[in-house]
């Protein structure tokens, strides 16, 4: 997960891309539960089945940068998550 | 799940919309596993967190109508799935 | 688009599945604009490229049934939209 | 768009996150068309309406790294695209 902790209280939009092995017992439940626990930050997620073992999931997050970052780190640390990338973006306001 | 079993061998595209309680233990794992077992029919899925308990998941399927229907029925029968709707559509070919 | 206009003021969740030819000039813009005009009802949407011509789009809606239905009918009527199915579901509350 | 052009012929999976103003005339059409022109690389995309002006779109890509990168750069350069981030990930094979 990329680190960018400047202005941690700023509202931000981000996508967290993870690749994981869905055969890891309990991982899908855990991923789903943590997303609900952070229902205010999580907008929706897209799931793609890469092959028999591997899933790609993209989670769209919106909230304070520090919280988004913390949630990204937490998910990245789950057993069975092979790769995680957090892409912080903008909500577009103030940009032309 | 809506029944429409005419021309079961025809290739079709469909969306399966389910609402479920993610607190049902093992359900997310089961949903994820069944989607991987049917990797040829399943394109991708979108997940929306409705509230602390309820998830909406839309699964895009492509394959023979009979198989799509069977998969829809199987998922609809999982313990914890409160509502399921299968919308068979077209792949657009032959239509203007 | 399926009609179910009982209890039009009830809050509901729905998915609208459309298949359209993305070569229809202006259609993607129009679809995107109408979704933003109804930003309160629309949660997110998933787009799958079926082939060189045809797109499948699933739009997740949340709001009063009458408004969801009206929006579904409006989109279904756009030139270039070949097929549209509205699946009204529940937000899961009050169901076990 | 992040640059990582080592091993350009390697097959990779990536997510491209863009934020854009959907009022830019023709942009949604252009985004949709370019995705269809690259139908082999693009799996599906998720669209979230941030506010009346701004959209977030996450596009899941799969293919040779060089082509994914080129497509990301092309989309990032479209007039009206405010921000673009390409997150290259793995298809999970060979990792535990």
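We call the chains A, B, C and D, going by the order they appear; numbering starts again at 1 in every chain.
Just so we're on the same page, a contact is a pair of C-beta atoms (placed from the backbone, for glycine too) under 8 Å apart; a residue touches a chain by one contact, two chains touch by 3 or more.
Remember, predicted model here, so these are calculated numbers, not experimental data.
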**Message:** Quick check on the interfaces: A-B is repeated by which of B-D, A-C or C-D, going by over half of contact pairs matching?
**Reply:** C-D
**Message:** Count the C-beta contact pairs for B-D and for A-D, then tell me which is higher.
**Reply:** A-D
**Request:** Quick one: report the Å distance separating subunit C from subunit D, using the average Cα coordinate of each chain.
**Result:** 24
**Message:** Based only on mean CA positions, could you tell me how far subunit B sits from subunit D in angstrom?
**Reply:** 26
**Prompt:** How many angstrom between the C-alpha centroids of subunit D and subunit A?
**Reply:** 17
**Message:** At least two partner chains per residue is the criterion; list those residues in subunit B.
**Reply:** 43-46, 48, 51, 53, 60
**Prompt:** What residues on subunit A touch subunit B, complex-wise?
**Reply:** 22-23, 25-29, 31-33, 35-36, 39, 42, 44-49, 51-53, 55
**Message:** Help me check something: in the complex, which residues belonging to subunit A touch subunit D?
**Reply:** 13, 15, 17, 19-21, 43-46, 48, 50-51, 53-54, 56, 58, 60, 62, 82-83, 85, 87-93, 95-96
**Request:** Within their complex, state which residues of subunit D touch subunit B.
**Result:** 43-44, 46, 60
